[in-house]
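Each remark here refers to the structure printed beneath this line.
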């Protein structure tokens, strides 16, 4: 991928940080499988499976740890 | 999602922090599958499976790490 | 849940900290499936499966990281 | 469990720390399934499965993070 | 492997850090299975499976935690 | 195991640190299943499975977090 999609981990508030964590999680998938058609085809496999949704939420949680630390947990 | 649901990671005590970790875990699912009917339909798949419940508890544990660090572990 | 079950992450020693990590892990399950009968029914599914026990031990390990950090690893 | 098995996370060197991480991982299993006969019966299920051994190694890795941090990574 | 492929964890920006996390994740696979033909053969198994892609994204997330910490989260 | 295999987490550079993380991951397996013949027999089960290789890479990533922190991320 040659586009620029991540220039900073700093966000204005925790919710934007959580949404950045989602972006990071999706990018991790996209780098591994760049074909948008295949990704579209696979969507029901995880969006309609309880265990897959839990797994997706876990990747977001891990990335949110990184983003939250980068922002000093938006303490101030 | 356009609603505001996360304005701070700071909580009054560890139990509220744990409950925020649960909220974060559920939001991770909801961002991936926003359809409330589908989520309702999937509920028995994880709420009645031992392994799925362990997996859900793990996501909560990861998010609780973040919330606990944000609150300096409620040490004072 | 309206009962108070977590007022502090500080424990007297590492073993009590490990046991608090177990409590946190079980609470993560209970918040997701509050029905005690269902939890009782599911018990053999994980207590008699090697992989489920490893998964349970992993959630405890993650929560123990949090508790140990909160207690500065009981260094003094 | 009423026996005392964990009084400190400090070890003399990294290898002892790694072995403590193994102890923590096994205790996580034992607290969940205290019956030694059942644990003995389940042993082949994980000791003869590649994926189960990888999962066991992962729990050890997580606990080793905790022990290593407690010991300031045995830097001196 | 005798080639030099990792001389520093420092990158110019978060996106390069994310890409380094992908390299680390792939290297973890390659050290375990160095045969390029086998890796090629296995590609459809994970690139066309939703759960495998989530798992791949999770490994990237874990490695990104390391790279981001090394770079002080590119705060300045 | 009575042999000495881990005397320090400090390495000369990140690549050696990554290789130490691989050693830690393998030792976690070996402590659980010390029989070299069984380990040899199980090798195809994970070295020829995409998901098992991803899982192996994940354990390495977790151990690399520890080694990288021990070395202050080889920043200087």
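Order as written gives the chain letters A, B, C, D, E and F; numbering starts at 1 within each chain.
The rule is simple: contacts are C-beta pairs under 8 Å (C-beta built on N, C-alpha and C of every residue); 3 or more make two chains touch, one makes a residue touch a chain.
Here's who's who by UniProt: A, B, C, D, E, F = Hexameric tyrosine-coordinated heme protein (HTHP).
Because the structure is predicted, anything quoted here is derived from the model rather than measured.
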>> Once the contact rule is applied, which chains count as partners of both chain A and chain B?
In response: none
> Could you give the fewest steps needed to travel from chain A to chain D through chains in contact?
Replying inline: 3
>> Just to be sure I understand: going only through chains that touch, what's the smallest number of steps from chain B to chain F?
In response: 3
> Once you find the CA centre of chain C and the CA centre of chain E, what distance in Å lies between them?
Replying inline: 31
> Hey, how far is the Cα centre of chain C from the one of chain F, in Å?
Replying inline: 27
> For chain C, which residues are shared contacts with two or more other chains?
Replying inline: 46, 49, 51, 55-56, 58, 62, 65, 69
> Viewed as a graph of touching chains, is the assembly arranged as a line, ring, star, complete set, or other?
Replying inline: ring
> Chain sequence round the ring, chain A first and chain B second?
Replying inline: A, B, C, D, F, E
>> Considering only the defined contacts, which chain A positions touch chain E in the complex?
In response: 4-10, 24-29, 31-33, 38, 42-43, 45-46, 49, 51-52, 55-56, 58-59, 62-63, 65-66, 69-70
> For chain F, which residues count as touching chain E in their complex?
Replying inline: 13-15, 18-19, 22, 46-51, 53-58, 60-62, 64-65, 68-69, 73-75
